[in-house]
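Chain naming follows the written order as A, B, C, D, E and F, and within any one chain the residues start at number 1.
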Amino acid sequence: MTPLDKGLDKARVLIEALPYIQKFAGKTVVIKYGGHAMLEQDLKEKVMLDILLLHSVGIRPVVVHGGGPEINSMLTRVGKESHFVRGLRVTDKETMEIASMVLVGKLNTEIISLLNRFGGRAVGLSGKDAQLLQAVKKPMKFENSQGELEDVDLGFVGEIEQVRPEIVTSLVEQGYIPVISPVAGGEDGESYNINADTAAGEIAKALKADKFLLLTDVPGVLRDVEDKDSLLSVIKEDEISGLIDLGVISGGMIPKVECARAALQGGVGSVHILDGRIPHAILLELFTDGGIGTMFNA
Amino acid sequence: MTPLDKGLDKARVLIEALPYIQKFAGKTVVIKYGGHAMLEQDLKEKVMLDILLLHSVGIRPVVVHGGGPEINSMLTRVGKESHFVRGLRVTDKETMEIASMVLVGKLNTEIISLLNRFGGRAVGLSGKDAQLLQAVKKPMKFENSQGELEDVDLGFVGEIEQVRPEIVTSLVEQGYIPVISPVAGGEDGESYNINADTAAGEIAKALKADKFLLLTDVPGVLRDVEDKDSLLSVIKEDEISGLIDLGVISGGMIPKVECARAALQGGVGSVHILDGRIPHAILLELFTDGGIGTMFNA
Amino acid sequence: MTPLDKGLDKARVLIEALPYIQKFAGKTVVIKYGGHAMLEQDLKEKVMLDILLLHSVGIRPVVVHGGGPEINSMLTRVGKESHFVRGLRVTDKETMEIASMVLVGKLNTEIISLLNRFGGRAVGLSGKDAQLLQAVKKPMKFENSQGELEDVDLGFVGEIEQVRPEIVTSLVEQGYIPVISPVAGGEDGESYNINADTAAGEIAKALKADKFLLLTDVPGVLRDVEDKDSLLSVIKEDEISGLIDLGVISGGMIPKVECARAALQGGVGSVHILDGRIPHAILLELFTDGGIGTMFNA
Amino acid sequence: MTPLDKGLDKARVLIEALPYIQKFAGKTVVIKYGGHAMLEQDLKEKVMLDILLLHSVGIRPVVVHGGGPEINSMLTRVGKESHFVRGLRVTDKETMEIASMVLVGKLNTEIISLLNRFGGRAVGLSGKDAQLLQAVKKPMKFENSQGELEDVDLGFVGEIEQVRPEIVTSLVEQGYIPVISPVAGGEDGESYNINADTAAGEIAKALKADKFLLLTDVPGVLRDVEDKDSLLSVIKEDEISGLIDLGVISGGMIPKVECARAALQGGVGSVHILDGRIPHAILLELFTDGGIGTMFNA
Amino acid sequence: MTPLDKGLDKARVLIEALPYIQKFAGKTVVIKYGGHAMLEQDLKEKVMLDILLLHSVGIRPVVVHGGGPEINSMLTRVGKESHFVRGLRVTDKETMEIASMVLVGKLNTEIISLLNRFGGRAVGLSGKDAQLLQAVKKPMKFENSQGELEDVDLGFVGEIEQVRPEIVTSLVEQGYIPVISPVAGGEDGESYNINADTAAGEIAKALKADKFLLLTDVPGVLRDVEDKDSLLSVIKEDEISGLIDLGVISGGMIPKVECARAALQGGVGSVHILDGRIPHAILLELFTDGGIGTMFNA
Amino acid sequence: MTPLDKGLDKARVLIEALPYIQKFAGKTVVIKYGGHAMLEQDLKEKVMLDILLLHSVGIRPVVVHGGGPEINSMLTRVGKESHFVRGLRVTDKETMEIASMVLVGKLNTEIISLLNRFGGRAVGLSGKDAQLLQAVKKPMKFENSQGELEDVDLGFVGEIEQVRPEIVTSLVEQGYIPVISPVAGGEDGESYNINADTAAGEIAKALKADKFLLLTDVPGVLRDVEDKDSLLSVIKEDEISGLIDLGVISGGMIPKVECARAALQGGVGSVHILDGRIPHAILLELFTDGGIGTMFNA
């Protein structure tokens, strides 16, 4: 191929993207960033470039990141021993402090750094900034040996009570890319750990986002979990219950799908569960026909 | 190639465009649209798509179109006989009226239609709208047989006296793509025909455009006019005179280069002479290394 | 009269206009400009001056012009033969092209020129600019010899499907006077001829105009068509049907009154059918007690 | 004349005013209102109508009124005896209080009432509102019997030290007509009487007004004070000194002309000395060729 | 106490005020200023300082002042004899003129002066400015000797028909403190005297004020009028009728409480009746727990 | 004291603060927060309350915090051994990562929490957010045994090259309190530790702050370092060199004073070195006569 032919090929690809760009211009897209895509340097960079490309064509990305194994490795490193209740680790004050340091001071900062290095203007937030996420202790109940439900205290694990999205909206309107750590504030100033999928979903709802993308380590919802080619590309909100009953949606996929359903019910346009292990998963989902994951919509 | 591989290829092309998109975001680019690129349907559409892509990634395109052979064919069709003075056609009132109808009522409308059909929001203007272009009769002098200079009246051929770019700026700021016909108003309301390159250059100057692209039917400035590979990719403003003296810039290229020089001196960032016969010439020039034509800058 | 007395007379006239000016300040007035008022130079100029006076006292005029006999004369001039179906001329592609050239490239440009010459800042638009008017082919049915309704294809004669008034609003808010040609775009970029009264009425509705003035070649609605002094100055919307039944509104007046009724039902404050053959008809209607034509209101 | 002919006559007058309206649109005009025009009910109303007409055609009038004989009559009424120093009345605290009541509480309120009654939105101000006018005691010196200059204390007669025009600008921008009483505040909150011509001139300067009109009880500057037809229509700033030396400008006209000169030097476009005894003097000056008074400009 | 200890004490007081400041930031507070607080210089200054402090911490104060005994003293001074009908003084045109002069020209100006002297930016208004308060003659009926109700004409005593609060809102938004005299305009431009409590209440309603403070010469509503310690700190709107029936609210307190009730019903957040004879009554009410007067709320 | 008397005392204190509040309204105050004031819970809270009080009276505080001993204790905790070059600790990548976690993820978050708990709307930033602080490796040179200067690499210790204050300005204008950690980004996305005083000073310069307060653990500049009563309350910029030469400014005070001087030269209005160990040091400095520390101004 001559250089001109190569150029023409590229021009064609750009032009093919035009209808997608026009369609999504000005839309708010919340991206839950986690899993493998946060671990490998090459995947990380590709996610950042995808986000920057969205931003550069007029889409408004908002990133909420997860924690990954970094919190555990830091806990180990400082010799913090975990306590467990009914098999679940208790997030005591010290654990929460370490978690906050890793999420806000390390992971968030790294994401910001990457985005800015590729020409972006990203701003890191936690749920405590401008009281973005307000939480209360998440009530947990377990059945005891007598078959009665008992409250169990897992420490600073929170449930979101209120989202004040103004700081996010205001940063987005000024052209910044907000990157949010899933740490919320409580009434007395303490910090709570929040499930990152849930945090992202709540933020998507509060922003009335057009799209909410969940980067996961699975291809999406498979009709046959053994068969990668059995991907369900689109699931309607009212089909979800049936698919759970049928066992098509099961295991770890259930909370993700519930998170998707809650977002749809809260006014989000569509929710996409994507395989973050595929490079450029975000662009592939948004800018190619059919996409690569499972889209949920009303 | 699997569909995923194809998708990845496309994603890579989009990401390669990112630095260009970031670099040109918010810039004003004036495009003189004319020549072959106005004649063939396929080229026409590709120019429109290029313009829309620029617009969709945050660039602010302003289009000034030329007349092409349509004016002559319309004159023929209505049986209008032309008068000539010293071999130059006189643009009398009737000719001007026909020219205005073809430019404003046909060509401009067609461009608008194409842009809008592909999802754009284009608005047609002539230089008479909001007094955008104010002209006076262009003084022409010819040497008579006694070797004296004599005024020659070529009718409604104008020279731009004043540009009021507010209407263009205001449309651009509201996200419209202005498409401008090279017809100017005179003091008493009459219309003047304006050379389209000149009109585009004056508008680029008045807008303090970052780039001014001239779509032509030549590859750019060639060091050896016979050798298409001898293209000069970049010419500095202060090299222009020398290249004219050397005869590298000659013939019909001289007025185009003078137009480029005037634009640079008027504050335009760079001027590009491109081969409009190449599909996607605009994207190739702006979004690939080195581009395809000749760039003039300070 | 001394110059001072003359001056005082003028001052008194200006002061008499004050209550009208105060009453109409900030109101949007859509003016359908057509008929004789588009043919005679003196009447033309007076219409333009009236429009400029409205504008200068804080009223927001929007002009929609008709075609007049110019389209036919151009068709003749280029030797275009018309085809007829059931006595109605078919607007084929070529005819539409000529119509567009005359409307947009000649008549609109002339109006702009006149307004700007008297100090205005007018901007010409067609319904294709920024997708202002979107049309579909107007369905036409005729009874055939068997008494059945048959579809008849009259070509590019359109019916307005959607009005996107943003471009008009935005120009008006920035102090421009929009002048609109009754050409609409279709889904595939083709052009449709639109009845100018209808186009003006639809635009008035989309703008929620306070007033919609139709310049015609009749004095308004006459109780006795033979008696010019039998003008009905005001007709309530709910009186229209009765007046049609009585034959007071008949013939060519019916479509105009239907257009008025549609505008009122669409939220326009009042509709005025005026005699455009009277100089300064617009000022006389708006700035004198009772006016000179027929006003329709709710 | 038929009603139509009368209507046409009126329309012509309105159209004749168009160039003036276009020329003055958006301009700030400061009007010093005083003399006879404040005494006779009919003249008063005509001044108010003139001001409202200016406002309704997009001009921005600012009114500064004088005191007239009302202050003296109020002083008499409350039995306040005046003290004199070298023939000049001393404005003691009580006198100032009465003056303030008459200016702000009576005259200003009356002007506001009239303007609002005719449909205006006028707001009364004194120089104390928002610290519009800050004054110090005006230093007065008189020659004593030994031929030496001695300070004389005339009480609360002030000299303007600072103008803070923001409140006026802000009211004007919101479409109000400010009416200002010539009372200024001093450093310790006390009030000072200010010469109304001077106050108006200083305000015109601070607003960078385009025009400053002084309504007086004389026709303007007459070359021969006995001959009303010897009016000087235009005086250039640099001719003023010569005309004073020649005695053409003399007596009570001198301070008015000095006030005009100071305004011109402070950036006011033109100053007009008008005969407020002529009905509609303001309209006659602004909207007829040549006007009726004397215009001073640079 | 060392200077540092004194400083710390002050810092503590400021910090104690913080929750109140945060709570009231951005709120509109209408203050009816009258009674003793308008008579003694020291009280006057403290009221002004309180108002300025509110303003400086982000509260938006609007002041409506009463007349006090100054109007009567001026009437006496000019020898104006009052006419009485059924024991009520008739406000004839001359009386109204004097009242207006005293209210607008003297009292309002004095308040402005004080506020500005302490660093404020206050602007005086009467109800006639920008047609803020529009009134009609207040209908008064008295029983005659036959036991029939008869209309009694008390002259220019008005009842508020319409409030146009835009001028107040606009001044407040630009950081000015509006000070309003209770004079309203009538349909024909005449002036009406308005009860100051009523005027303040109507303005509070039109502004949807958060708080309406009435400075009076009583401590608030006392359960036992003889016992100053029997103050009712809070009265709910629905308790008012009962308290009137019980005679707890009686005499001159009834119209004030009715004014409070009307304000609450019109959307005002809370109404406070305060003892203006206590220095800094406003700060004490707003910035200390429980306050010093009686608060009415829904 | 009766409650009323106590209330009056408080009101008096508030009123005494009025002139200071008026004087500083709208001013930007950059506060370097560090030292003891970051260690004791009670002092911490008082600093936060002071900052919130400033904010609530219209001042615009911007906080830059230091690191304190927390970084070292975390390094110890994770068993990180430090390397030293010429007695200076090398900030290697791992150390920098720990520092960033402590600064951004722990200390900054704690400050935000406290401010928000007391009703504020604070937003945490590091120098990497929106590329606020761009740094390069700080060049360090030491004399080697041959007396030659040698470059020494202390790792990720940075020198500020560029400040992009837009994100801070934008947050401040929307009413947020920005809290900034002294971590800067490098060209390739790496993080640099920045001296907090320097970071605060550079930010103050970039914001053209009116005041820059340095909370330290000393009373200010003492004429005699042994005598706490020998505080120099005001030092002019041009006296600094002399005081250094005299040894009055010496030791650890020198870099702080140099930082102050740089800020003044960069356009900051005044710089204040305060004793952060005194409760409410900020309020005492700004809201009492003379203040408590040393003020530097031009």
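As a convention for this text, a residue touches a chain if its C-beta (ideal position, glycine included) is under 8 Å from a C-beta of that chain, and two chains touch if they have at least 3 such contacts.
Chain by chain, the UniProt names read as follows: A, B, C, D, E, F = Acetylglutamate kinase.
As the structure is a computational prediction, the values presented were derived from the model and not from experiment.
**Q** Counting one step per pair of touching chains, how few steps separate chain A from chain D?
**A** Graph distance in the chain contact network comes out at 3.
**Q** Average the CA atoms of each chain to get its centre, and name the chain whose centre is farthest from that of chain E.
**A** The most distant chain relative to chain E turns out to be B.
**Q** Among all chains, whose Cα centre is located farthest from the one for chain F?
**A** In terms of C-alpha centroids, the chain at the greatest distance from chain F is C.
**Q** Just how far, in Å, is the C-alpha centre of chain F from the one of chain B?
**A** Here chain B and chain F have centroids separated by 56 Å.
**Q** What's the distance between the Cα centroids of chain B and chain E, rounded to whole Å?
**A** Their C-alpha centroids are separated by 69 Å.
**Q** Rounded to a whole Å, what is the gap between the Cα centroids of chain C and chain D?
**A** 47
**Q** Mind pulling the residue numbers of chain F that touch at least two other chains?
**A** Residues of chain F touching two or more partner chains: there are none.
**Q** Drawing the touching chains as a network, do you get a line, a ring, a star, a complete graph or other?
**A** Basically the chains close up into a ring.
**Q** If you go round the ring from chain E to chain F and onward, which chains do you meet, in order?
**A** E, F, A, B, C, D
**Q** Enumerate the contact residues on chain E facing chain F in the complex.
**A** Per the stated touch rule, the residues are 4, 7-19, 21-22, 25, 46, 49-50, 52-53, 56-58, 118-119, 278-280, 283-284, 287-288, 292.
**Q** For chain D, which residues count as touching chain E in their complex?
**A** Residues of chain D touching chain E: 77-79, 97, 100-106, 108-109, 112-114, 116-117, 121-126, 128-131, 167, 170, 174, 176, 183, 185, 188-191.
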